[in-house]
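Supplied in structure tokens, the structure appears directly below.
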Amino acid sequence: MKFLEYKAKEIFARYRIPVPQGVVAASPADILDPPLPCMVKAQVLVGGRGKAGGIKAAESLDEARTVAGQILGMDIHGFRVKQVYLEERLDIGQELYLGVTIDRSAREPLLMASAMGGIDIEAVPHDRIYMEHIPTVVGIQPYLVRSLLKQLALPKEVGDQIASIVGHVYDLFRKEDAELVEINPLVVTKAGGVVAGDAKLVIDDNAEYRHPEYANLDQDRTPLEQEAHDKGITFIQLDGDIGVIANGAGLTMATLDILGLKGGRGGTFLDLGGTDDPGKVKQAFEILIEAAPSVILLNIFGGITKADTVALGVKQALEEMHTKIPVVARIKGVNEAQAKEMLRSIGMYPAETVEEAAELAVKVKSGGP
Amino acid sequence: MAVLLSKKSRVLVQGITGHQGQFHTRAMLDFGTKVVAGVTPGKGGTKVEGVPVFDGVREAVHRRRANASIIFVPAAYAKDAAIEAIEAGLKLVVIITERIPFHDCLEVMPLARSRGCVVIGPNCPGLASPGQAKMGIMPNQLFKEGDAGVISRSGTLTYEIVNAMTEAGFGQTTCIGIGGDPIIGTSMVDALAMFQKDRKTKRIVVVGEIGGTAEEEAADFIERRVTKPVVAYVAGRTAPPGKRMGHAGAIIQGNRGTAESKVKAFEAAGVPVAEYPVGIPRLLAAT
Amino acid sequence: MKFLEYKAKEIFARYRIPVPQGVVAASPADILDPPLPCMVKAQVLVGGRGKAGGIKAAESLDEARTVAGQILGMDIHGFRVKQVYLEERLDIGQELYLGVTIDRSAREPLLMASAMGGIDIEAVPHDRIYMEHIPTVVGIQPYLVRSLLKQLALPKEVGDQIASIVGHVYDLFRKEDAELVEINPLVVTKAGGVVAGDAKLVIDDNAEYRHPEYANLDQDRTPLEQEAHDKGITFIQLDGDIGVIANGAGLTMATLDILGLKGGRGGTFLDLGGTDDPGKVKQAFEILIEAAPSVILLNIFGGITKADTVALGVKQALEEMHTKIPVVARIKGVNEAQAKEMLRSIGMYPAETVEEAAELAVKVKSGGP
Amino acid sequence: MAVLLSKKSRVLVQGITGHQGQFHTRAMLDFGTKVVAGVTPGKGGTKVEGVPVFDGVREAVHRRRANASIIFVPAAYAKDAAIEAIEAGLKLVVIITERIPFHDCLEVMPLARSRGCVVIGPNCPGLASPGQAKMGIMPNQLFKEGDAGVISRSGTLTYEIVNAMTEAGFGQTTCIGIGGDPIIGTSMVDALAMFQKDRKTKRIVVVGEIGGTAEEEAADFIERRVTKPVVAYVAGRTAPPGKRMGHAGAIIQGNRGTAESKVKAFEAAGVPVAEYPVGIPRLLAAT
């Protein structure tokens, strides 16, 4: 789950991470009493909004409304701006970077910091980034903060504030099941205060059940992806035209790759997961058909599942939906021969292997075979 | 022989009374696995597929001398189940459950390491050692005894590859589905080290996918430490950047974790990479 | 640090462990509005007060005062009762035992419980005690509580309350640096509530600095032991008559043992620790002399320390204090010969080995040598 | 040779600028120990006894390739120091500091185990391997190279015994002061296992004391696993029950942990127990 800046800052504030004053608005008329002078910031789940013109200064209420009106409705890298956040303007002395994320290799959280904040962390030279693992067993310890402050060469007054912020950020990271907590820039004001200039927060989707309060937040999904998500189906829209559906993420990726090698382009990534439930198969096909592919490529490696049962499920789903989209299917499992026969009988194109199925899909799409 | 589990392993099934637990207990028994006990709190005293069920792991270990556990319990209870197994002294715990919050695994894995317990998974198809035993959900008929060790982050894709191997006559010592989650108990490198050490394993197959840097680290390890021939397949070559592909693992960030980066790393380490999953047997034939 | 019941229960209440209503009193006149009917309980840092007559029932305010008057001032196993705790009488359905302590062998906390509460846990048959280690890395987990409730065969309503109490007890154990948190009996009332009938709490002395609020609590020390404690000296009064002082706990114990083997009986255990500081040596001797031994046995294994320096320190300390108590000293370290000479010159009895020193001490005490 | 440390060990001193740190750095250097770095936050860039001081352990490890650490920092900071050492990848950490709250050790020890790091102590005199190196506070002149491994919960009492051994001609491979606290990193059993494995060690001396059950467990382990001759001394035979004797360890509870119980356990395991500390050499002479 991703969070818009203002929402992330609400959560930051709960964890006593200092954030500037601010108000959120969905239209200029909503803006009544913004902190002035302020920054008007587009609320979108994508980076680079500043360069795209999504952040502007305002001195007065009138100007704030005018600027908000310009930003609201903008398209930033494919995302429409539905809300703006009007935030007190900071008297910036220094911009730092602070983040906690997960390091798969070390299987531990990673604490990151840099004195070169305000820019994309990937653009900061490696030796200018402080990175240390946080031992989960014991959490943040004083030595971590000491080495961080030393590397960033910060004065003591600022150091104490950052020490406390690091503790709160890690606390939030653990308690909110975060994948990423990022403050960039972490602003040191000219007066010597330390405040989160921006806030990026990503929470583990698998932990959604522990945080029902975040269940209905807007995510960076297409409407169809959202629909699939709500039905518990793993579905991603891609820019090709062949609808790929398979069971298992790895196999679905491999099917897309094979299709690519055979000259086709996948238009969907649809992971059917367990194939036992005919209702789930039907739901998946509904999503797939809504995505309007020129041809559907179905690849099921059942192993334990009976191939003919799956074939029957697919047949029923497609018949009920009265679709004319051709389907190339490769279903592996017990009773493959019967399954193949059944698919052929209802006008589908059965294939023996994925490679064959991919070739067939490309041909069918081009009007063949 | 095989790595991690053998005919002698005395397997406990946590969550045995659930649909999946019950189904795969049958399949594991059919594979020849010594499933000696099951655990489901509140269902102690019953039986599933002839296997006695207990209320807790400690009891199952005490009464049935179980020494390895496979976990099928729902995600919200999996952490508790894994800790219960580790604390009961089991030295091998396979977690099949998917969608476990990774923060739970951040706690479970250091505990396991501190107790000398090997965890496989979570979100994995488990382990199969043909001719020995299976602790997992892989279809029984795919396997054939042989000398290839298989390591994979994926489920069904592995079945596809193992199936192709078996059809081409390349049997397996053990197939380890390490799982696709961000925090897993046994990494690709850990599994490589096991196969390198195992005398029966003569060649190794690695099935990777986009996301993370496990394959890059594996390539590095292979270059430095693995003397046995290794071949690989990497899924996700056509995946667009920044999109999640089901496995929490499959997120591409910058130019780390891309299929290109992984393929390049493998090839630099002298590991041939198959274009198609079914290309693995052809590469093995050349080893 | 040990805690009186009422004090432990105050802390329990902070951790949301249910405790009965109660008031503490140091005299019958202090008792104004006790919960009635009540139990009047002697507050002493020693077990077995019930059998010793330190717990009595009272129905009315008058009776409570009368009973309190009887209990206050009692001597229970060598401890004078200075306070009583008047506590609401519980309608006892069942008495359980619950405790968390530390298991050195496993290097983990140990969770203990029994359905046979209300009696000394050491008297409960081993197979009737639930014992499981708590993995510190993850803390109390549901499986621990499940197995505990199963072994104690408790009904669900009670089980839920105990599950929550177990969590709170462990929380207290960790956050208060406890060595022992014990509830015996943990009372299940006839109405089905679960309440801590008694409360035993011991906190790690080494963690005193983290809990300054407990610094001035009465402990089970003799006045001289308390004085030594306040000065940071490890000192214990024993029932013999030879004052033993050595450096290091192990060596002091061994010195006492050797004395025993030679027919003497140690009257003090005084661990001098580091021997560098003459001021500390003097303070230790002051305590020792207050304990009025018939002879002092000093055993120092310096290793690095200069023996003559220590001897000088001892000499000065004793001279300043004008004591006539004979001293047998064995000091090992650099310049041993000079040290021996110095001790002899001021009328002390130097010895080469501990064995010799112990023999000498016994002889000196009996009027020799 | 010796267990745990050797001439090649590159030792870091945490808390090197303190009184104790400085004094014992000198003594360790005199013993022949390769003390390669010190750490005191804020004192980086200075030198103590010619040893360069750094602000943090990671830096000291990076710059001076330290691989073992000895900790002299005050109790309130010892947990942080130990974790810093473990997280910097050191595989041996000796904690001299006394009076560390044991709840801190409850956190440090599992972390160390999960990282494969051996912790000695806390509240211990450390390690000495005559002819090799010393990480501790034991007086240098006590030791003599030889074939006896010494394990002790005590400080000065150990000096007394080692001194008697050396005078009688019984040299030592390594002397391990495991410490007297409730929670220690290396138990008596752990130390016994090390000496049993060490080829140079031919005989073992165990110095125990009342409190806890370490000696009883050691006796059990000796009976089952130790083939080398072991002799023992137990302090506290005359200690009254229920009194604390300085070491947090020395509390007698019921009839567990008494000197009688320990002596009985050792004797039942075929371990002769000396009446006097100086009796140890006589017992060794009979091995």
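Letters are used for the chains, namely A, B, C and D, taken in the order the chains are written, and counting of residues starts over at 1 for each.
The criterion applied here is as follows: a contact is a pair of C-beta atoms (placed from the backbone, for glycine too) under 8 Å apart; a residue touches a chain by one contact, two chains touch by 3 or more.
Note that the coordinates shown come from a computational prediction; the quantities given were computed from them, not determined experimentally.
Asker: Going by the touch criterion at the top, tell me which pair is linked by more C-beta contacts: A-D or A-B.
Answerer: Pair with more contacting C-beta pairs, A-D versus A-B: A-B.
Asker: Select the chain at the greatest separation from subunit D, using centres from the mean of Cα atoms.
Answerer: Taking each chain's C-alpha mean as its centre, the farthest from subunit D is A.
Asker: Which integer distance in Å separates the CA centroid of subunit B from that of subunit D?
Answerer: Comparing mean C-alpha positions, subunit D is 41 Å from subunit B.
Asker: For subunit B versus subunit C, what separation do you get between their C-alpha means, in angstrom?
Answerer: Roughly 52 Å separates the two chain centres.
Asker: Report, in whole Å, the distance between the mean C-alpha point of subunit A and the mean C-alpha point of subunit B.
Answerer: Here subunit A and subunit B have centroids separated by 27 Å.
Asker: If a residue has to touch 2 or more other chains to count, which residues of subunit C qualify?
Answerer: Where subunit C meets two or more other chains at a single residue, that happens at 135, 137.
Asker: Residues of subunit D that touch two or more other chains: which are they?
Answerer: Within subunit D, the residues that touch at least two other chains are 107, 110-111, 114.
Asker: Per the contact definition, I'd like the list of subunit A residues that touch subunit B in the complex.
Answerer: Result: residues 102, 104-105, 107-109, 122, 135-137, 174, 177, 179, 204-207, 209-210, 234, 236, 238-239, 246-254, 256-261, 265-266, 269, 271, 301-304, 332, 353-355 of subunit A touch subunit B.
Asker: Give the list of subunit B residues in touch with subunit C in this complex.
Answerer: Residue list for subunit B touching subunit C: 41, 55-59, 77, 79-81, 83-84, 86-87, 107-108, 110-111, 114.
Asker: Of all residues in subunit B, which touch subunit A in the complex?
Answerer: Residues 27, 75-76, 99-103, 105-107, 109-110, 138-139, 141-142, 152-160, 163, 180, 182-184, 187, 207, 209-210, 212-214, 217, 233, 235-240, 243-250, 254, 259, 275-278 of subunit B touch subunit A in their complex.
Asker: Could you list, by residue number, the parts of subunit C that touch subunit B in their complex?
Answerer: Against subunit B, the touching part of subunit C is residues 132-133, 135, 137-138, 141-143, 146-147, 150.
Asker: Please give the residue numbers of subunit B that touch subunit D in the complex, ascending.
Answerer: Interface residues on the subunit B side: 110-111, 113-115.
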